[in-house]
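Each of the two complexes below includes subunit A, the first together with subunit B, the second together with subunit C.
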Partner chain A sequence: MLNKKIKKFGPNLFLASVCFFLSVSLGNAQASRINLSISPPVTYLSIKPGESKTYQIRAENLGDSTLEITPSLLDFEADNLTGQPVVKQTGTFKYIQINEGSSFFGESFNLEPKQKKTIPITIDIPRSEREEEYAMTIFFTFKNKIDEQQKETQAKVAGTIGSNLILIVTKNDLDRGNIIVKNIKSMPIIDSFMPIRFTAIAENIGKNATPASGSAKIYDWQNKEVAQFEVHPDMILADSSRQLRENEFLSREFRYKKPFLLGIYRITFELNKNSSLDSEIITLNKTIVALPLSIIILPLSGFILYSGYRLVLIKIKPR
Partner chain B sequence: MNYKSKKIIGLYSALVFIFLASYPVWADRLESDSYFVTFGNFNVTSGEKSSASYNVTDTVGQVANGPYGQYGSSDYFIGSGFQYIYQIDSFAFTISDVSIELGSINPSTHNSATHDLTITTRGAGGYLIYAYEEHPLRHNNGSTDIPDTTCDLGTCTISNAEVWSNTSIPGFGFNMTGDDIPIDFVDSTYFRPFADDESADPMQIVMSSTNIANARTSTVTYKAGVSGTQAAGDYQTNIRFVAVPGY
Partner chain C sequence: MGISFFNRAQSASLTNVSVTLSNPRLSFRGSLASGNIAGTSQVIINTSSNHPSLSTAQLQEGDSIAIGEAGSLANYTVSTTNPASDFTLTSVLAAGDSDLNDDVISTQSAALTVRFTTATAINNGRFRILVPALASDINSADGIPDSDLYDFGSSAPTVTCPTNISGYAFTTGTATASAITISGTDYHSYECAYAGTGGVGTAFDGTSNDYITISNVINPAPEAGHTTGTADTQNIVIQHLDDGFNVDDSTSVAVGVIEAVKVTASVPASISFSIAGVAASTSTCGITTDVTTTAAAVPFGEVSISAFNNAAQTLTVTTNAVNGYAVTTLENDQLGLDGATCTGDSTSNSCIRDSIGDDSLMSHLAFDNWDSTANKGFAYSIDNDDANTIPFEYNTVTGNCTGGTFCAKQFADAEDSQTAQTIFSSATVADAENINVCYRVLPDVVTAAGDYENFITYTATATF
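And now, the complex of A and B:
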């Protein structure tokens, strides 16, 4: 009788046990994995002195355990090359509130698995505030709410994810960005069989962040345009520099390749000063020379080698 | 129409149907390790238009374009349609394991543990991830530390990895392998100590890219070793990874 029952329910019982252990072990494995998404990663906001504005950051817990999230605020400055923020250790901007003032930076909240939360950020600028651009990052430090904190492990890991805020305090909506091309870097003389390769750095000497827009062109000795590259519209913060990127491959190196280049070539960058419709166009040129160096050098080196060989022979074989 | 003709037409129709039904429809997700192409919507035309004097982005023919909802509150990028892709991007950061268990460490051995960091951002400005420790691995008594590693030759620093394979050299450090890691992590034998927040070390970049990142993943390997005179007991620290989007 018992045997019959075992035969009947045994496989089901076995399967159920396997499923149970799998789900428990999977659950444990996932419990220590944390995953947070925020949106937007970057916000550009303009505000007038005496004005108040609210924008939202949306946080989403993509993991399988409840997260304890703590917001904080730190300033950042441009790295003057890539557009990656250099985060400072202090947050100096005073006129910012989280959750309409009902909570504050440093106060934690919980976010359940697969849940989203919209976090209102309010900027309240006093009338006396001067026109200036502020760059800061709102950070969300996240860690598992349960169990993990009680575990006796050597290293407990927490993640922090940031959302950048570039805030422009301005009395009007005019774009007062002022982009100039600081320098163009390339080899002054290149081999005819090599591509023309160059990089450029633009600087924004204006009062607010503005996108780089314009193009790089290459002209030959007859002043004929032989190549044109669109510049990617990367934002350049006020009083900072950034390496320009070509728009197609987002490469920081502009590259023009032909089977054979010869003579004088002129690289020209034409950038809009800012994004306003009547923006002035700023230009910077650099001249390079393409010569068949490999064609000259190869026979020359052959000749030198042969001469050396002859010299050695003469020394070895006395007349 | 005779029976034979009907049979031929029937057979022909069946063949056409089978051919049409079995004809493959190709679709692909345009992506690689370092980029993916996103389409904001279906429309007549969209993109960037420019001349010598202007540069504008537009969308023609899109259904239900923006701005609307919460994104309309940010007024620096004023536009409608696909341009809003710049504003509605998300930035996601995953840590595969937040409890690093190095086990019981004996003198002249090194114990290690790993986890993965994964980042996804659609912003063309890229991202970077910093790392730091709150303090060195510290005994529960609060005063005894396992020192941060200086590697085999005593030359590795918070910003420069060196070989650390000699198990008689104690310390605590980490190695990185995978995507977008600093070049000084030449292979799995190269280690750095973490930047120590308690000593006011600046946090250090452990992953970075200036391009779009689609699930870029690196593995962090923690390693610890103790000397024969190290006090027995539990040692702990907190490690922080800070992900910052480019702008």
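And now, the complex of A and C:
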């Protein structure tokens, strides 16, 4: 009787077991990768005191498992070099909220695989708020909805994506950015066979973020322009600095190479103070000298070595 | 290619007739609306009346366009064409080119190719192609597009007749603006006369013999009541005449002109970040992993106190943010017994402290090699696949890692007020740039038995 039942249900049981095993395995496989996309990654928003504005952030679950997503808000400051935000551990801006039913910062929501969700963010500035720029990041911390509860030595891991918001509270739409070239770094003397290499830091001492725009030029001793580099329009936040990049290769190092350089060269940065049409142009110069050092030093060092050798010989073999 | 809609026989029929336009786009002939400002790139057109073109649908990026008062039009180039009432220029409107009702003209010209097979043999005859035109000789040949009619152009187009064959010794083709009127419709006339007897069934199809081409006819502007996306059609007549200009054979062909299909797609700026588990026995960071990780955890399980316990995860970033991205990492604390707090660099036996490396120089800021099991703790390294920039890698052999094989760093410890550290980044767009983060743990022999835990957060942000 039992044998008959086994014969009858055995194949079905086997199939069911295989299906169960596969589903568990698949579930684990699905849980081994999480992937969230956020758009936009950076938002620049201008708002007047007393005004309210709403913009949207879109989250999309690109993975195969349901994600539990928790939005949060933290301040950031510029790293004063590359434009990477340095996130602080506090979120001080009060006039921002998620404008959607029960959602708010710190409150989790679920996002199914391949699903998108639009998150409306409302900024409501009191009339009394002073003109200022705020840099903050809206973070979305994501993890599998079904967390793996296991008791063992482990490091639990969470992913977070940030959407940066640079908010400018201004009574008018005037660009009050004020970029200056802080310094130009290069070797003061270079070998004639080496390229002229230099970097530059620009600082925005104005009231709002504005893009770097302008050029770097190299003039020879006859004041003739021998090279020009367009500056990449990187955004420089208010009260921060950023290393300038040349526009063609997005390199932080500006480089001018000729087979042979000789004499005095002047590096000049000409940057617009801000993006307004009648913007003042700010200039900073640095002078360097190109000399055939390798040609001078090689024979000179040979001469010195030879002289030393002669001296040693004289001392060793007194007449 | 243009579009031949149908053949309609009149007297006797030329057969296999087709007329194709090398460029089937409608020309644009519109006018400026109010609100245009000299010195700006935006152009607002009149969308209600007065001119054939009432929508920028007939324009596309890169088109040459003339704007201004008749007789003093200036040339510009179209940059973008959205919405229907506006387009932008690659330059700015000059003074005097922004007035209400100023002309806005963008011509589309085409070469007409005419193929046919003769029905009869006509001695010393001629082939004539009639293209619909304005009645006025001046306006039909001023180079400015006409509504639903072809403009002759300000100079005569070239008519290229077939190469001579038996029975057909062609003369040079001729073109005459608005030369013929049939049933109240005016036509430009383009002719290829020949000497010879001609022939029945001679194919001028570009294969057996050459076809006739007419260069640079100006395509029509939209007809009145034109619907965007619907072709305006005009009948072009092909005739075979005898030496007395009598029409022996005639066939008309409808040709359509239409807006170019505008394909638009909006690509939003975005950043995506993925964390993936890595299976046990995977070779990465110069080691073989001991446990399988998931996206959410690095489950070391029961760890050895005499040998390194290794694991890994894969982190991937994709972004079209022009200034790139950075991924940072931060642990909430050192590994603590049941997640208990490990204050500072705690060496309590209820903490697995962050490793200090073989030279006691490792920190969250400084890397150091960690190859000796005499040194205990928890640390990470990086195996770079294709990330643009990384601060170090497992096989870094400079500085403190000189002479080592596993170069590592501590995780920045939030409990100890350390700031998150960048582990990979790019200063430009990134297409699935990824690294493996390799975790290594080795508890001290005095570490209390139990389950140790901490939380590590990886944060991807775009560079502003």
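Just so we're on the same page, the second predicted complex is superposed on the first by the 281 of 319 C-alpha atoms of A that agree within 3 Å, B and C clash if a C-alpha of one lies under 4 Å from a C-alpha of the other, contacts with A are read in each partner's own complex, and residues count from 1 in each chain.
In the analysis below, a contact is a pair of C-beta atoms (placed from the backbone, for glycine too) under 8 Å apart; a residue touches a chain by one contact, two chains touch by 3 or more.
Please read these numbers as outputs of a predicted model, since none were measured by experiment.
K.L.:
Once both complexes are superposed via subunit A, do subunit B and subunit C end up clashing or fitting?
P.N.:
With subunit A aligned, subunit B runs into subunit C, so clash.
K.L.:
Classify the contacts of A:Thr153 with the two partner chains as first (subunit B alone), second (subunit C alone), both, or neither.
P.N.:
In the superposition, A:Thr153 contacts both subunit B and subunit C.
K.L.:
Tell me which partner A:Ile166 touches in the superposition: subunit B (first), subunit C (second), both or neither.
P.N.:
both
K.L.:
Once chain A of both complexes is superposed, is A:Glu270 in touch with subunit B (first), subunit C (second), both, or neither?
P.N.:
Touch status of A:Glu270: first partner only.
K.L.:
Considering only the listed stretches 3-11, 129-137, 201-209 or 327-335 of subunit C, which one runs into subunit B in the superposition?
P.N.:
Residues of subunit C that clash with subunit B lie in 327-335.
K.L.:
Which residues would you name on subunit A as touching subunit B in one complex and subunit C in the other?
P.N.:
The overlap between the subunit B and subunit C interfaces on subunit A comprises residues 32-42, 58, 60, 62-63, 82-85, 87, 89, 135, 137, 139, 141, 143-144, 148, 151-164, 166, 234-235, 237, 250, 252.
K.L.:
Considering the complex alone, what residue numbers of subunit B touch subunit A?
P.N.:
48, 50, 52-55, 70-71, 73-77, 87-102, 113, 115, 121, 123-128, 130, 133, 137, 202-203, 208, 210-212, 222, 224, 234-247
K.L.:
Can you tell me which positions in subunit A touch subunit C when the two form their complex?
P.N.:
Where subunit A meets subunit C, its residues are 28, 31-42, 58, 60, 62-63, 78, 82-87, 89, 135, 137, 139, 141, 143-144, 147-148, 150-164, 166, 209, 234-235, 237, 245, 250, 252.
K.L.:
Tell me, which parts of subunit C touch subunit A in their complex?
P.N.:
Those in contact with subunit A are residues 268-277, 292-303, 313, 316, 318-319, 321, 323, 325-326, 328, 331, 335, 352, 378, 414, 419-420, 422, 425, 427-428, 439, 441, 451-464.
K.L.:
Any idea which subunit A residues touch subunit B in the complex?
P.N.:
32-46, 53-56, 58, 60, 62-63, 76, 82-85, 87, 89, 118, 135, 137, 139, 141, 143-144, 148, 151-164, 166, 168, 213-214, 230, 232-235, 237, 247, 250, 252, 270, 272, 275, 277-279, 281
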